[in-house]
Structure formats: structure tokens, C-alpha cells
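First the structure, in the form of C-alpha cells, and then the observations on it.
Chain IDs A, B, C, D, E and F follow the sequence of writing; residue 1 opens each chain.
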Amino acid sequence: KEIATFLEAENSKQKVQLSIHQFTNTCFKQCVTSVSNAELSSQEEQCLNNCVNRFLDTNIRIVKSLQSIQ
Amino acid sequence: QIVQELAVANATELVNKVTDNCFEKCLMSPYSEANEQCVDQCLAKYMRSWNVVSRAYIARIQQASTSGEI
Amino acid sequence: KEIATFLEAENSKQKVQLSIHQFTNTCFKQCVTSVSNAELSSQEEQCLNNCVNRFLDTNIRIVKSLQSIQ
Amino acid sequence: QIVQELAVANATELVNKVTDNCFEKCLMSPYSEANEQCVDQCLAKYMRSWNVVSRAYIARIQQASTSGEI
Amino acid sequence: QIVQELAVANATELVNKVTDNCFEKCLMSPYSEANEQCVDQCLAKYMRSWNVVSRAYIARIQQASTSGEI
Amino acid sequence: KEIATFLEAENSKQKVQLSIHQFTNTCFKQCVTSVSNAELSSQEEQCLNNCVNRFLDTNIRIVKSLQSIQ
């Protein structure tokens, strides 16, 4: 049973990691247009923050709508 | 139990694809504003598209199956 | 043996479902440009139908060509 | 049997990628017309590209392996 | 051992996504010139973006978890 | 033990195959713009060669940078 709990915790952590990889990929493409220097501008950082939050808003709204249809 | 796992996999696939498409169509960098009305319409349109595609694909499979193509 | 038949049928159904997800994703991107309302226009619906059928035509032609090369 | 499964997986991957690329290059929304000549040329060009890429990649692996890089 | 396999999977995913994004941002067809400075800056910017996205996502999960949403 | 060696060799071959599929997909999109005939032009062939080599340069540089950070 301890092994099952451990595996489940690892599985959740892995899902979070994969979501972070996916969001970084999507949001970097949209928010970071220039790589002429190595620092993020404050606009880019704000855009990345908004991007994650708006993507999650969209995801949650869609899940709720689909659940209410069923 | 396998049937249930497949149903979950299908629902997850649907949610992911609708989220990607409707995020792309409704939200623009710098992502400072949400657009719930657009997401709702986009979801409705995506589900209608899913039905059209589904009918077209199944019609094609049945046709191929009747004519002995597959 | 009944279990094998059952699993095979589920497997085929699952492949059809995954193809429908993939086609909807591809064809929605191309055929549905505006989500300013929740209904599909007749042009959009026609485009979705054509999109599925042309994609399958392309797929079948490529499979046959590759088989004839071997 | 494993070798055979890998060969099938490779053929499927090839068919999927050629179909995606040649659908994208040869067919335009609203997808009302087929374009078989374009698909045939595209397939031929894709197979030639596959050979060029394959040679370039294997040459690079062998070079790295000779120089002890990997 | 599972933890180690997940760490390897994560590192591989990171390398693949950075390579895709920085190849796209730094190298242009006909790809005759390398651009190492651009790749270095792009990698640095991608890692910073990963951190921003990671913080934003985890903050959101914790918020949802506190408010009992999930 | 012979089986393990055989499986490992098959596994490496399969990874090389998958990389070739991925590179062909990426580089075909960028280097082959016209499919109005079935032959590759010398520019297209050069572009495909460069594309593979620059992609690998990028990949190797990123792996080395990430290793040096750790």
C-alpha cells in the first residue's frame, strides 16, 4: 500500500512536470519573440504569466461545460 | 474496466484538443484579457465539427467496407 | 477467445475515435476561421466534410503507392 | 516478432507523416478538389528527402562515433 | 529506479523542446550558417521562461487546492 | 544475455529510425516549398543536408550547456 501511495504521488508529480513542459513550449512561442539577449523583459514575463493563467481558465471552463452537458 | 479507461482517454483527448484550439482562436498574446464568450462559442462549434467529421468518416468507412475495399 | 474478440473490437473502436479526434483537430483549424457565433455555416460544414474525404483520399493513395513500390 | 512490430510501426509513422505533409502542400481549404498528381509528386519528393536526411544523419553518427564524441 | 527514469524522461523532454524552439528561432532555411550565440541566449531565455511558467502554474494549483476547487 | 543485446540493438536502431522520421518531417516542411515536380533541386538537397546538421549542432550544444549547468 505504501508503494501504491508512492507511485501515485510520483505519477501526479510527473503530470505536473509534463504540463509545465507543454505550457513553456506553447507560451514561449507566443510571448518570446526575440532572443537577441538572454534576459526576459518585464512584458515577456507578464505575458508568460498571463498565458499560463488564461490557458488554465480556458481548460477549466471547457471541462465544466462538458461536464454540465453530460 | 478497459472500456472505462478508453472513455477517460477519449474525454481527455477531447478536452486537450478543444483547449488548444479555442485558446488559439480566442486568446491573443499578451493574454491580459479572458474571453469567456468566445471560448463558449468555440466549444459549441468544435462539438458540432466533431459530429460532422465523425459522420463523414464513419460514412466513408462503411462505404469502403460495403464495396469490399477494406 | 471471446475476450480476444472483445479486446480487438474495442481496439478498432478506439482507433476510429482517435482518427476522429485527429481529423476534427486538423479540419477545424482550416475550415472554421471565425468563432463569432456558435453555429457552423453551410460553407464550414461542407469544408469539414471535404476535408475528411480529401485527407482519406490522400492517405489511401499514399498507402497504395508505397505498397506498389515494395 | 519484435522486429516485425517495429517495421509496422515505422511504416505507419512514414504513412502518417507523408499524408500530413502532402495534404498540407497539395490540398487547400475548402478542399473541394482532389489533386492526385500533386500527391504523387509530393510522395516521390518526400521519399527522396527521407533518403537525403537518412544519409546525412547516419554520416554524422558515424563521424561522432569515429572521433569518440559518443 | 522509477524516480530516476522519470528524471531522464523529463530531461529528454526539456532537451527536445528547447532544441525545437531554439532551432526555430535561431536558424533559417537554407540553414547554411550556425548561430551559436543565438542558441545560447535562446536556451538561457527558455530556462527563465520555464521557471516563470512553473511558478505561475504551481501558484494556481495551490490556490485551487486551498479554495477547495480541486 | 544474447536476447538482451539483441533487444538493445533493435532499440537503438528504432531510435535512429524515429529521429530520421522526425528530421525528414521538420526539414521537408522548411526546405521543400514546391512539389510541382518529383525531383529534388540541388538547393533543396543542400538545404536538407544543412537542416539535419544544424539541428544536430543545436541539439548537441544544448545538451552540453545543460550538463555544464548541473
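In this text, a contact is a pair of C-beta atoms (placed from the backbone, for glycine too) under 8 Å apart; a residue touches a chain by one contact, two chains touch by 3 or more.
Keep in mind that what you see is a predicted model, and the values were worked out from it rather than measured.
Here the C-alpha atoms of chain D line up with those of chain E after a rotation of 120°, rounded in steps of 5.
With centres taken as mean Cα positions, chain F sits 31 Å from chain B.
With centres set at the average Cα position, the gap from chain B to chain D is 27 Å. The distance from the centre of chain A to the centre of chain B, with each centre set as the mean of the Cα atoms, comes to 20 Å. A separation of 11 Å divides the Cα centre of chain B from that of chain C. Shared contact sites, meaning residues of chain E that touch two or more other chains, fall at 14, 22, 26, 40. Residue positions of chain F touching 2 or more other chains: 31, 51, 53.
By the touch criterion the chains form one closed ring, and its order from chain C via chain D is C, D, F, E, A, B.
Those residues of chain C lying in contact with chain B across their complex are 7, 10, 13-14, 16-21, 23-25, 27-29, 31-32, 35-40, 44-45, 48-49, 51-53, 56. Across the complex, chain D meets chain F through its residues 2-3, 6, 9-10, 13-14, 17, 20-22, 24-26, 38, 40-42, 44-46, 48-50, 52-54, 56-58, 60-61.
Put simply, chain A touches chain B in their complex at residues 30-31, 43, 46-47, 50-51, 53-55, 57-59, 61-63, 65-66. Of all the residues in chain E, the ones that touch chain F in their complex are 11, 14-15, 18-19, 22-23, 26-27, 29-32, 34, 36, 39-40, 43.
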